[in-house]
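Here you go, one structure.
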Amino acid sequence: MTYLKNRTMRSAVAESVLTVSPAVIERIQAGTVPKGDPLEVARVAGVMAAKRTSDIIPFCHPVPIEYIKIEHNIAADRITLTATVKGIYRTGMEMEAMTAAAVAALTVYDMLKMLDDDMEILSVRLLKKQGGKSDFKDAFSVPPTRLLKPCVRLSSAKSRASLKPFALMVRSELRMQCSHALLPDCAEAL
Amino acid sequence: MTYLKNRTMRSAVAESVLTVSPAVIERIQAGTVPKGDPLEVARVAGVMAAKRTSDIIPFCHPVPIEYIKIEHNIAADRITLTATVKGIYRTGMEMEAMTAAAVAALTVYDMLKMLDDDMEILSVRLLKKQGGKSDFKDAFSVPPTRLLKPCVRLSSAKSRASLKPFALMVRSELRMQCSHALLPDCAEAL
Amino acid sequence: MTYLKNRTMRSAVAESVLTVSPAVIERIQAGTVPKGDPLEVARVAGVMAAKRTSDIIPFCHPVPIEYIKIEHNIAADRITLTATVKGIYRTGMEMEAMTAAAVAALTVYDMLKMLDDDMEILSVRLLKKQGGKSDFKDAFSVPPTRLLKPCVRLSSAKSRASLKPFALMVRSELRMQCSHALLPDCAEAL
Amino acid sequence: MTYLKNRTMRSAVAESVLTVSPAVIERIQAGTVPKGDPLEVARVAGVMAAKRTSDIIPFCHPVPIEYIKIEHNIAADRITLTATVKGIYRTGMEMEAMTAAAVAALTVYDMLKMLDDDMEILSVRLLKKQGGKSDFKDAFSVPPTRLLKPCVRLSSAKSRASLKPFALMVRSELRMQCSHALLPDCAEAL
Amino acid sequence: MTYLKNRTMRSAVAESVLTVSPAVIERIQAGTVPKGDPLEVARVAGVMAAKRTSDIIPFCHPVPIEYIKIEHNIAADRITLTATVKGIYRTGMEMEAMTAAAVAALTVYDMLKMLDDDMEILSVRLLKKQGGKSDFKDAFSVPPTRLLKPCVRLSSAKSRASLKPFALMVRSELRMQCSHALLPDCAEAL
Amino acid sequence: MTYLKNRTMRSAVAESVLTVSPAVIERIQAGTVPKGDPLEVARVAGVMAAKRTSDIIPFCHPVPIEYIKIEHNIAADRITLTATVKGIYRTGMEMEAMTAAAVAALTVYDMLKMLDDDMEILSVRLLKKQGGKSDFKDAFSVPPTRLLKPCVRLSSAKSRASLKPFALMVRSELRMQCSHALLPDCAEAL
């Protein structure tokens, strides 16, 4: 169940590709699309869609997004839109990235459809995701139940009993909330 | 400008294609996907997304949708989702159909991603749109300014002046609101 | 299909009933509920929910609401909330009224739950709906195909052909858009 | 009541003014604001807010918006944002224009707040509204009840009775739906 | 105030009951309802409504939902819908469960209203809630201020001062964020 | 980057000012505004807008709001609306307070516009914000890297290695999540 998973820094990158006729690509680059710059509007639409993903996709978990970036690349006959989403949570951010990439492409489509009635979204796919259980295999090679032992060992036998509730809580925190402790920037700080 | 266009019955059909591994396709057909039937959930998600299109795509016009249908086709290694959207309005329904098809595919993706981490949305594209100006060329071969003439001719010279505001209004109605009079089912009724 | 139905003035009235302990009813009447007057907040919540019904209920048609009223009645141990919704359209407003009544009751529940942990919504039901086909049976006892006859008869044989497109349009308008002509206030005006 | 008002072309223009330090104004003009061009993002935000006005302002009527434009003017120490909203309806568009102008200013504020912690929205106000009852005083100097007389007079006594339902409907349409017949572009067409 | 309450695992179960005529119940079971399976659509609608509760109920706190389940039970003349909502937070999930149950019932109503015009939602009520202060009385019988004592006692007098900020922080965490440490599954792990 | 900032208790207070004619102010105070008490409706609208800020302002971060209060002050010719928003997070709550104040003023405007067509929102501005980095300068005068030293020093050389992952995690938590430990009410408790 989701609420027993580790809270870790998660990131996901998704990409959408839209075919556009070379003549219209030139108009984008010349800045002469009537409704404005479709790539800038797509950036805004993608960011807003990422934030609203769990409201659009029925069984998608609401997640605390911390970072969203929509980038684009223009080729002679196509536009590639890339969405990067990050957050610290128990589940991944791939649906947020996929939805942002898809909505960014739909927005470009909407702004260009009066100029080009032959566009097609050729692909919406996940490029990368990071931060789930599999990425922390090594970090947890010291089994979690071992981590608290030293802490408890330090205390006298007498105080051990009273320490137990404390250890119990820290233990739980470790498993539930602290995995981002393993991020590189924290390691350096020690 | 949009508000000078004819109000006609418009329809649009868009399609999205999602690659899914044969093993997962079998699970869908066997009804053993853990979160439920992804195609039925996608149908609901697509309908809701169509209704919310102008809230998701920044410069998309809000339109009074009258009809939405999401259908699917399952092949050995892919799922095709088709969205049909209809309504009587001055602008087309293609963004509603495109958004519904895209969101339906994202919903299937979301429900299967724990079983298959290699899916890709291969295409989101418009299959058909009907009801815009070009579809009514013949209907308007009698130029609209001619249509009211007989009506005015019927009246005496004296009453013509007082008829003018009425004619003016009907005239405007004709151009602005009545084009769906040209739908086949109405023609039969006469 | 919805888009072939008549556009008429539609109205619907729905009611919800919430049981509340007499002690808390007294606090509402004394104006000492900590978060403010739950009935006024419920009124606002009900109006907003009516406007958002098609966004909450998956297959509910978006309708152009013209009028919403949320009223309440306080008894010794219960609160009754009544939602009236009106609009001119091809489909009824009952889901809007039902949703408004339900959300109004949930809002009162939310504001009182710290004072009373034994409330229950006892009923959400439709009290009345008006304006659909069945309400216009008499109005259309002159079959609609007859209505235009006199108009066409007035014209000469020669002009009849050119009148046809006009008649066709008015005919369609009559069937599709004008049924609210039969509202009492219009009849008086003639 | 709203549903008895005339459907006319309505437009509203609202304006918001945001004070910004000259140093930050220069950064906007130099294109060096870290999050992108705040005026382009404000344009998108304003358009989206206009479409969602009835969902944000509790008792605001949902209206079929046909046209939204967000413009800006940059002075040495302030930014003025102007929102124009148009549509054909029974009620005005001023809340849509006011909300769009306010949200556009809030969006600029949000994007600049890391650079300038002393901004203030100095004004949000309506500049102009057109299309309501008062704008059509002259057009209706011929009282609406007179308009249909000639039409009825044309028919023989015998056909008058059968014409009545038709006249009744057209009459109602005239009062309820057709006032935009008085728009200049339609007048010319006759 | 909410932000001083403990973050604990909370769950709530609510139930709604809808009367439906036996003939229509049979159609649901036979799978012949025109718009599809109302119970599956209600499941999707309930899940989406739970996630949007704080957007529908004015003073309802936004909460990080981790788990939602909508179940149904069909009797001869009624349908019972049960919503279970869970999350780790400082406030309960009862409004989310109540809203999900109510919206699921409204959705079934909407899909069946063309077949049965005599349905009524008979009840929306909370069946169970867990995880608030009252459920943790025993867990906190060791007063929280005592918990940190052993930790501080371990340190030398000299280091005690420097430990204080650390203890202060852990102390706060204990009271504010860690109560779910007391969940059974964590206790076992020690 | 946002996700490296401290999670602290943040609060923001914003204010909007709306000019209203003295005659209409009197009607508000006499309770004779046709649509109800505009100040109570504005309170509800402001609270709902605060919760939806990141959905309205494109690049505004979604934040876990814990507390919202909308207050008003009526003078002879103006209404002042004050929004206070609080929450424990890595970023401030100023956009939530600004948006709530602006929407509250727009709501009053909407409810009074039929009585007064000369209102203007004179100001929307931030009065106060608390809880960011600058407010904790003193708290962190003991550099964070020093805080964990004593803890590690207590352990024997042998156990130090095994303690490291634990210390690493607590260290990260300290920097990332615990700054609200420095709130006055916690300090007293020790």
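Here the chain labels run A, B, C, D, E and F in written order, and each chain numbers its own residues starting at 1.
Keep in mind that, in the parts below, a contact is a pair of C-beta atoms (placed from the backbone, for glycine too) under 8 Å apart; a residue touches a chain by one contact, two chains touch by 3 or more.
As the structure is a prediction and not an experimental result, all values here were calculated from the model.
Annotation of subunit C and subunit F: jointly contacted by D, E, touch as defined at the top.
The most distant chain from subunit A, with centres taken as the mean of CA atoms, is C.
For the pair subunit A and subunit C, the distance between mean C-alpha positions equals 43 Å. In terms of their C-alpha centroids, the spacing between subunit A and subunit D amounts to 38 Å.
Taking each chain's centre as the mean of its C-alpha atoms, subunit A lies 33 Å from subunit B. For subunit D, residues that reach two or more other chains under the stated contact definition are 41, 44-45, 48, 52, 58-59, 64, 148, 154, 170, 173, 177.
Pairs of chains meeting the touch criterion: A-B, A-D, A-E, A-F, B-C, B-D, B-E, C-D, C-E, C-F, D-F, E-F.
For subunit E in complex with subunit B, the touching residues are 36-37, 40-41, 43-45, 48. Those residues of subunit D that touch subunit F in the complex are listed here as 35, 41, 44-45, 48-49, 52, 56-60, 94-95, 98-99, 102-103, 105-107, 109-111, 113, 119-125. Contacts from subunit B toward subunit D in the complex involve residues 1-4, 54-55, 58-59, 61-62, 64, 90, 145, 148, 154-155, 159, 162-173, 175-177. Against subunit E, in their complex, subunit F makes its touches with residues 9, 44, 47-48, 51-52, 64-67, 86-88, 142, 146-151, 153-154, 170, 173-174, 177-178, 180-183, 185-187, 189-190.
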